[in-house]
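Several structures are given next for inspection.
In the two complexes below, chain A is the common chain; its partner is chain B in one and chain C in the other.
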Partner chain A sequence: MNALVNLLGRSVYAGPALAGFGALFFIGLVITVAGFDPIAALSALLSQSLGSVNGISEVLVRTIPLTLTGLGITVAFRARMFNVGGDGQIIFGAIAFVGCGLLFPTLTGWLLLPLAVIAGILGGAVWGGIAGILRARYNASEIIVTIMLTYVAFQGLAWAIRGPLQESSGIFPRSEAIPEAIKLGLLLDGSRLHWGLFIALGATVAVTLALRYTSFGYRLDAIGESPLAARYGGIGDRATVILSLAVSGGLAGLAGAVEIAGVHGRLHDAFAEGTGITAIAVALLARLNPIFVPLSAAMFAVLSVGVGGLQRQLGIPFPLVHIIEGIVILAFLVATRLQRDAVEG
Partner chain B sequence: MAPASVTAPKPASRPVLELNGITKRFGALAANDDITLALGRGEVLGLLGENGAGKSTLMNILAGLILPDAGEILIEGRLARIAAPRDAVSLGIGMVHQHFMIVPTLSVAENIALGNRTLRPLPLDLSGVRAKIRQITDDLGLPLDPDAATARLTVGEQQRVEIVKALSRDARILILDEPTAVLTRDEASGLFDAVKALAQTGVSVILISHKLEDIFAVCDRVAVLRRGRKVHETSTKDTDADGLVLAMVGESITAPAARRNSPPGKLLLELDGVALRRGDGSTAVDGVSFDLHAGEILAVAGIEGNGQRELAEAIAGLQPPEAGRIVYDGKVHTRGTRTMELRRRGLRLVPEDRHAAGMLVDKSLRENQLLSHLHARRYNRAGWLKRRSAARDAQTVIADFDVRATSSNAVMRSLSGGNQQKMVLGRELADGLRLLIAAHPTRGLDVRTIAFIQRQLLDLRDRGIAILLISSDLGEIWQFADRILVFGGGRAHGPIGVTETTPSEIGAWMAGHA
Partner chain C sequence: MLDQVFFVGLLASAFRFAAPLMFAALGETVAQRAGVLNVGLEGIMLVGAFLAVLGAWWTGSPWGGLLLAMLGGAAMAGLHAFLSITLRADQIISGIAMIVLGLGISGYGFRLTLGAMSPAPTIPAFAPLKLWGLAKLPIVGPILFGQHLLVYLALIIAVALHVFLYRTRWGLDLRAVGEMPAAADAAGISVQAARYSSVIFGGAMAAMGGAYLSTAQLSGFVENMVSGRGFIAIACVVFGRWSPIGAVAAALFFGAAEAAQVRLQTLNPDIPYQFFVMMPYLLAVIFLIFLARRSRMPAALGVPFMPPR
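Entry: the complex of A and B
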């Protein structure tokens, strides 16, 4: 135990390594208890996700919305705002993106695409910003509000694709296909991997710079650490609280827009489900450092893609993947804490 | 982690507690450097030293909150390892911190039962706890109702809860960390009587303080720490205040210069019939009217909680007054007045609760430099921070104010209270200061830092800065203020020139007599 504490205190890599091994151990335990062979499960998981070009490209496809939404969660978390409503903001971003695309189909691509993407960002920003306003103005818990707004968003989507945005044939609950001009091109023929990957990486750089080098980033950190000190410093106003959740929602909205533009091509009932919740884990695993968010997102993408293999090859039921995700998050949280204690003596 | 281990019994009749060569380093700073101390049975030992001298570190080592790098601790002559607070408790060490560990929703008895491992958990024997509390409080002559709701207790009563809590766990060594800092004079003398009674029963007490009067009131012996080392140890009978001060500061303190002799300058701040409301809606003070000119010090005297905090917040634009008019530099405060804008126009505030309101304790010194100047052109170019300017300025404050820090990258939390206050003050002085509200700027600081900060205030006044000095220390006010405004009994008296009044008149106003 002491040797372990020593190691944790000395090497920054010891914590994540410990978490990795701990997570593997407990995942193996759960799979064994569930009556499956853990080694076969692990190999199925890895071969499905990382064993082929197609698998890897699927992992990257999944990484894109997780990265964008994870960045959003990170921004809010810096101000100690807990945005649990990523899914609702993704949906509103997607609706705004598609709505904008279908509204101006005659515009040329180089104009329509940025316009629609901005609409998507604004859609998410409005949905997050509402929670921000309620929090700043009435001190309503942003956790509750963002959860509730997600339910509203789900219903809003269901209505939109059966009402104003439904395809003209009126058969399926889905929208018309978006104009070709606002679809994101594929990076790899025969796969689903699209240019959104670079949007996600660009957003990572932008958020990293914004948090580290701008007064906005400083305001978030100040409010997050001490609302009173921020207020006395003249930077603790409501605008910052609202803005933190609006920017957070905007990034999730961007994820929704990119997901539609790159993968689905139109609105339908179920897309990117659960992304907003997994993105919380992504942000925590990245320790609220935006530069680590893509890496953290890729890890969860491996899990989520690999689980398809578990199901297909071994018949392991799907809910187990949620348990596995939970174990990964807990392992990293515990390891982070142990490491901090070791460093602080 | 090994539990508290007791090894190698040694002959009895030794001191209750011995520290041999205790050393603890934080980075390059030796917080405790080879400290050796002994505490006899039933003895009251004073531990004296300026902020940052290493008192808290030493006590945290005894309380099991940090482990020393070197040295040994002997309890009743046995080598002890105190790796966690529960080890300290089981070794009979009880600690009363400056900040109380009380759950406000629970009663006194419930608080004392909380976390006591010797009690049977289910069903909880609260009546036994009550009986024990009564027994302890009767022995000490410290009244305390076991069934009182702790949320309604005064600070002095809350401190009693902490003392009784420690004693109910059979503490043989009681450590009191700055116990009088939060007490009124009467409460303090009650506490001293209790400490003497405790010592009679054989409990040994370590009293941490930087007030000389506390040391002489109750301690048998006193040890003085400076810069992590024990520099002086003597029986209180064999020393006097001058000797201890000299040992504490290690150099003579120059008294600040006398009163201003130039006429006051431009009118900077004007209050007219201002009424201020507390957070709970009650009126704190009514009818505040005064003006403040460049190059003068106006003191606001009063017992705490009489509207001083609200006054500072109203002037700084943090909350609008209930009634009346505030004019800063020719511009009337409105609901739209922003703290940031006022700061930019040179109105700065050193808050009374500097820890919570004046700094970000987990951020570095250079990041703290930005806290109240985030939108100053010096640090901000179109939203992009000029971090290098902030680092340079933090470095300047560290050098100019002799701040003891490893570097400007050090975390605020790692500094002693005095050094933190220097950083806060230094930050507020930067770039275009015209009016400074200094709320209890020297409270809780060591003698030398107090003198340093007071010298800074005089310096600022001589440079034409207007200073509103909020203080509950009449001595300080008398020494530095040009005029005095008194808050008491919900009213404001004055301002009146210091030379035109007497301390007894001010005292009567503070007590609420018209």
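Entry: the complex of A and C
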């Protein structure tokens, strides 16, 4: 280890670069071992995702929920509150958004849309906030609670679209289409790209400013850097612990609302599945810096759209995406370690 | 009479549902006792479930599958150990990487191998034991003597671990490593070696839990089939207060909840079944509320140790 650090000349950039190349090597290995040509796979991945207008717009469509949820993960992880239940918060945001939209169909659009979006944010915030309250008051692990609540949310969604929110014809397990007034318009005709892109970018600016210039941002980092013992002892800044997970869930809830408003138009099973997990890799690749989250989200969107194409074109199985996410997280860890060594000498 | 049949069935299947949790929670109990947290059990269990099916198909025996699963689980845990012990990286983030990797490796591997075969191959699976006809005894028969061999194995491992942790020198050393690594190191115990072996043991155990799911409880692999059990197993470690017997008791509780959930679904067709499926997950949260605060975890849990040079 030390020899390696010396070899790298103690540059703070050498570690991340090495980790990046290591990650690429292992990704190539995973593809080669399965009997595919990694160069052909890479070129197919890029051509499927970035090689056409349609591909690029699909990448941007996928970037939107990954950015919003990734921002949420960033907020929580900065306080070392490990929100791994983004999917549950997305689902609750979406249910609240659709529920609100279907409840007041007669309201005019300029009023209903913000109302429904706020409902979505609150839905996610409540689902994340519960984990925050349980962590702050009872020292219950937020990792376990957020995951357990995600499984509860999966069942809640399955019930809602077969029960109270099911379309009146009662044929499919899905809700009624949301009113036109709360759908987000398309940015590009013939594609699925919608105005949610600007919501994601706006949220990025807002979170960046909030973390940099408000006491909330400062207090998040203070919790994140406080010694383990203090955190687990339950001492400290309870309000910020709760708020960190509530804000984190709120951003995921917003992602759910925007996904329904911009892409799906109604609730159904398995929309945006796995976004909460990918968002963790997004936030870590952005090194928990919100300004880099959209870029990082776009890279994972390329991956997701591209591997979807690989599956169709070359038969490479889609779960490759998760292997790559895992490798990226490991690379983040190794890079952080090498950088720390370089700084400390 | 119906009630008796109901409860006997419930208890018998409580053991069946508890077994995967027992394996994973027992392994994690040892790892945490040595001071290393592995939140990635879910991913390791998934890889175990997949490799067990693959190995069973290759070798024609569920034992071959179990062995392959254990090797795979040990390898993943070895990676986690390297990151958290040698590199002193963030243990929780490393564990999250194991979750994501496990999800990917099991899904990718399955679709490339058995999942691509048509018709789907038959997987040799563990059959429940019928111990000398004792399983036919009323009441206790099905509960105590009609289980899969792996269920008894889990219980035997629990007792062995109890003896190991509290009655042997090595067990004492291991607990010292998790409580006061500096003192243990000064006493000549290799903290790193104790932690590596505990974490790798924990990984092999988690993979056995996964193997149980795919070759005993069911015979076949389904993507994401562990569905949160890896996290419930971590909760069992907390509820069991970091003791092997406690972990088994907690696992049995959740096994009973799962068994009850399935039965209540069929008894109450008017209530949407999703509410029953939610039950074990909600129970885990409720128990954390009541128990997490009072529990005392190993003092050095999650804290990397740097041996003095």
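Keep this in mind: the second predicted complex is superposed on the first by the 312 of 345 C-alpha atoms of A that agree within 3 Å, B and C clash if a C-alpha of one lies under 4 Å from a C-alpha of the other, contacts with A are read in each partner's own complex, and residues count from 1 in each chain.
Assume contacts are C-beta pairs under 8 Å (C-beta built on N, C-alpha and C of every residue); 3 or more make two chains touch, one makes a residue touch a chain.
This structure is a prediction, so every number in the text was calculated from the model and none was measured.
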More chain A residues in contact [chain B versus chain C]: C
Which superposed partner A:L188 touches (first chain B, second chain C, both, neither): neither
Touched partner set for A:S215, first chain B, second chain C, both or neither: first
Chain B versus chain C as contact partner of A:E225, first or second or both or neither: first
Partner chain(s) touched by A:H322 [first = chain B, second = chain C, both, neither]: second
Doubly contacted residues of chain A, that is, touched by chain B and again by chain C: 1, 228, 232, 234
Chain A-facing residues of chain B, complex: 1, 66-67, 316-318, 338-343, 349, 351, 353, 356-363, 367, 370-372, 374-375, 380, 383-385, 387
Complex contacts: residues of chain C adjacent to chain A: 39, 43, 79, 83, 86-90, 92-94, 96-108, 111-112, 115, 223, 227-228, 231-232, 234-235, 238, 272, 274-275, 277-278, 281-282, 284-285, 288-290, 292-293, 297, 302-303
In the complex, chain A residues that touch chain B: 1-2, 213-216, 218-219, 221-222, 225-226, 228-235, 237, 345
Of chain A, residues touching chain C in the complex: 1, 30, 34, 80, 82, 84, 134, 138-141, 143-145, 147-149, 151-152, 155-156, 158-159, 162-163, 228, 232, 234, 277, 280-281, 284, 317-327, 329-330, 332-334, 336-337
